[in-house]
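I have placed the structure first, in the form of structure tokens, so that the comments after it can refer back to it.
All chains are identified by letter, namely A, B, C and D, in their written order; residue positions are counted from 1 within each chain.
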Amino acid sequence: MKVVTGVVGNDIHVVANRLIDISLQERGFTVFNLGVNTYLEEFIDAVIETDADVLLVSSLNGEAEGWCRDLGILKSKFDLSGVVFMIGGNLSVGEVSTEEIIPKFQNYGFDLVSHQSDLNEGLDELEALLKERL
Amino acid sequence: MKVVTGVVGNDIHVVANRLIDISLQERGFTVFNLGVNTYLEEFIDAVIETDADVLLVSSLNGEAEGWCRDLGILKSKFDLSGVVFMIGGNLSVGEVSTEEIIPKFQNYGFDLVSHQSDLNEGLDELEALLKERL
Amino acid sequence: MSLLQREREIIVANEYIDNFDFDEVKEFITNASKNLFISHKFKNSDNILVQPRGGFPTYDKVFELYGEFKASNVDVLPLTIDSNTRLNDYAMAKKMLALSEENDTNMLNGYPLVNHGYRTTRKMMVHYDTPISLRHGTPDARLLIETALASGIFEIEGGPITYLLPYSKNFPLDKAFLYWKYVERVCAEYSKLNEPINRESFGPLSATLQAPAIVIVIQLLEMLLSLEEGVKSFSVSFSQTGSMNQDAVSSNVIKKLARKYADKFGHTDAVINLVYHQWMGAFPYNKNSSDALINTSTVIAAIVGANKIITKTRDEAFGLPTKESNAQAVANVKYTLNMLKGLPKIHDEEEEENLTLQVDEILEAVFNDNADTLWRKVFNSIKKGYIDIPFSPHIINHNEVITVRDPQSNIRIYNKGNLPLSEKSFAFDRDKIRLGENESVVQKIIQDIGVML
Amino acid sequence: MSLLQREREIIVANEYIDNFDFDEVKEFITNASKNLFISHKFKNSDNILVQPRGGFPTYDKVFELYGEFKASNVDVLPLTIDSNTRLNDYAMAKKMLALSEENDTNMLNGYPLVNHGYRTTRKMMVHYDTPISLRHGTPDARLLIETALASGIFEIEGGPITYLLPYSKNFPLDKAFLYWKYVERVCAEYSKLNEPINRESFGPLSATLQAPAIVIVIQLLEMLLSLEEGVKSFSVSFSQTGSMNQDAVSSNVIKKLARKYADKFGHTDAVINLVYHQWMGAFPYNKNSSDALINTSTVIAAIVGANKIITKTRDEAFGLPTKESNAQAVANVKYTLNMLKGLPKIHDEEEEENLTLQVDEILEAVFNDNADTLWRKVFNSIKKGYIDIPFSPHIINHNEVITVRDPQSNIRIYNKGNLPLSEKSFAFDRDKIRLGENESVVQKIIQDIGVML
């Protein structure tokens, strides 16, 4: 399975990104890590280029809301129906409850949304979904 | 003006008692300090013996409620109508609001009740009342 | 039957308690779980043990409190006794316990252990299977201690000096010595059955401007009086002074001298532990400030290398803490101790030397008293004012020693009263004091009492 | 017109800002209140200055935030810039500012200063009449700094290394040096008009397992690059390491070496201050634990003798703090600093010696590079991996240095990559590392990142 990952927008928090890279590899994924400060277009390009199964976006500094609103538009331009879109990290500026955030990002077009939760639990969810889709 | 003071019941917190003694003297009162661990009967005896104008009771360790319930009975036995009864310090076990405590101790027979408040403000109140009564 | 045993029979024949079965108690202690013994835990732990304070009138409330504490990963459970029981006023305690139970309010500021009795109380102690420390403040604690030990409480705080001078107005001091001798002997006796019973002295005293030298002298004397009777596990203690450096100095000196004097008196096999009390003086009314104060105490305890820390809560200024805030305090302290790493070693040679000198000077005067036994020497020394603590409510205390803080907040002796200090060791302290212009000593003392507000 | 002035004219001719009146700005700074200058406050205060972090998208929210801070008795106000402005993306910042204003939500994680402009911003700064510190993380901060200084913000954080390696993925390093040279020169120029503008370096870097030697090398180099351009007031900084002893060692060494190298390069008249950042790494999700962590940081800052402390809040793990909890954090820190007395002096000769050795070794290699100017030497050293920080997102960083914690939680160099360390000074570090049985370095690193959780 191929995963494209990275941190969206003008966000340079790299620590989680490094750990995610390691964790995905440990779980047997082939990882294309675009690193921090990656724009949505770059993610989509990479997904298409690598024919990835999963796009796993991180956001830590609260910018995600601003950068991900246009995901729907981008998705509609390409046929990405087979790709799982996942986002996680710290998804809002200031403290907002998970219940409020999840539907918002689902509306943007993410299949899996994980706010301030454990990385391993998130990746378990991802694997479960991938299994389901097979 | 003569003041009898002390700490009621099985309460041995002496620090406030020392400061009250000094503060009363500084304000020109003649002080009869019975110290800590003083029972209600002893206070009343001392008031009568010294012909005091004020009985100023401290309680710090939360026992006051238990020891002061019978003040009314004691007061009714003697003619103490000219004496100002005051109590202050920390008047309940656990955290209880001042609004709840003041009427309770007024019912017991205290003219002035001061819970967890500043000593000087309390003594100002006392002097104001004494002036009024003249 | 030994004399002691005869006295014990009399003590437990008290109208407020059910019949006392010494044989059963002996058997219970012999077979008691090691986990109930703090002496065992001290031996097997590298970490500072965390012990809160706390006690409520009813069994159920204490049971719940312990549940909360356990959930916060507490190391040692406290049982704080109410102030009536402390003054042996079991009648009043009984009355207030009844009122508390009926109305589901707290009419007592602690657990009336004698009234509850050991058969009831032991259930709770065995249930939690965690060391319990008895905190009281009782000059005549004979019945209380019998009940405590029979309940599975294997650490007993107090002593003839530390539970008298700050805790009583006129209880006869010589009696206190004899009653505590009884306590020591009972503890020593039971110590042979299983792990040792730990005795702990109460270093905070009146918790207000206590000079380290006097605190340490009293700690060492109570330690010696206890070891003399056969106790094998003893904790000396002191409370946060308000100066981090003075805490470190006190810690270094008390550890060194406790070992030295224990050995000197032939108790080389006794284990000595150090207990640090979080700030014991007047607390701020702002609860966030209290949290900050408590956390700072924790950091200092770790730096000075205490074996146990006794905690306060953010409710301190207001009244007995709720079980929730008490448990939260434990959780916070545990977090801090866990997270706090790379602790430096602090030494201040000059301060340590002078403090050692002061302690040695006072102790020498005590030992030189010509009474025949140690407790009588100590008794005489207190009467003479060789030992004199500020803010004692007790009539025997001289009340001549005056202490204030220097600019670094170290507690310094301003007036030495009858303390047998040399000019040199006294001048070391006194010369560091600075009074403001037009500042009276009384004003300074009032300010210094409120140093944490 | 000087070359610099010509460059400045070009910089401020930006489509996102109104016209920039240099003469008016000069006059403003010349006559500005002394209270706006932290350099002035450093000179006239014996206490650690307390500075929170904080910024919101809209003017009104920052204004309110400052009001809260002032009520908590803050010493230095922060202005944290949003991450779009940091990467010179003024268009995105403008869009998000508009959204924030319309919907009264925060669509930016800081204050987009360039979009607001200096005329507006200055009103607020003059109103509060308190030193303000600019916190950004911008490699090309030329326009931002012009705007800040014109607004009355007289402390500028950052530097070509510390605001690049942790804050950027691929911004060209050589450009960063030149752009920061511009910043230093503008600061130096304005420093002649009134009190000096203070420059501060950002020691926390990526806030994750930074080895003290590397931090200090970078601090000293940014200091020298700044003083070289005429800056007269400079703050070096570092953040809590996780080991109290390592913090004390770092503090002693950085203070000593900053003075030494400043003097050595002829800047004897420059004032050097030390700033301590409360824990900068991953925060616990338990807010009580965060309070405890923050308080512990405060105690350490006081012990190590910092001149300023930069605070965090109990909301750290969750998101930008509310103004209330931010102000509460300041109040708590102020309480602790006030109450904390009798601070001991901590020294660890062996550790200090080795850290000094490591710093000197790296600096020697940097200075020995045969480029003509200091900034080029530093540039080459980073390219060669003589300077290499863990967890930098930047492509120029070698990412070969690996650090982990020893059992006392000191950060130690496990893999030195190209760091020009002697066998001896490296072995000192490396020999202290203990991996658990079957524990991989990666596992250890993950655990060490989460050391405060």
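As a convention for this text, a residue touches a chain if its C-beta (ideal position, glycine included) is under 8 Å from a C-beta of that chain, and two chains touch if they have at least 3 such contacts.
None of the values given here were measured: they were computed from a predicted structure.
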Third chains touching both chain D and chain A: none
Greatest separation from chain C - chain, by CA centre: A
Distance between the centres, which are taken as Cα means, of chain D and chain C, whole angstrom: 46
Separation of mean Cα positions, chain D and chain B [Å, integer]: 57
Where chain B and chain C are represented by their mean Cα positions, the distance between them in whole Å: 30
Rounded Å distance, chain A centre to chain B centre (Cα mean): 69
Touch-based graph of the chains, sorted into line, ring, star, complete or other: line
Chain pairs that touch, as defined at the top of this document: A-D, B-C, C-D
Contact set on chain D toward chain C in their complex: 241-248, 284, 286, 288-289, 291-293, 295-296, 298-299, 303, 328, 331-332, 335-336, 339-344, 346, 348, 408-410, 451-452
Residue ranges of chain C in contact with chain B within the complex: 83-84, 86-87, 89, 92, 96, 99, 106-109, 137, 166-170, 206, 208, 282, 285, 315, 317-320, 322, 391-393, 442, 446, 449
Complex contact set, residues of chain B against chain C: 9-12, 14-15, 17-19, 22, 35-37, 61-63, 65-66, 90, 92-96, 116
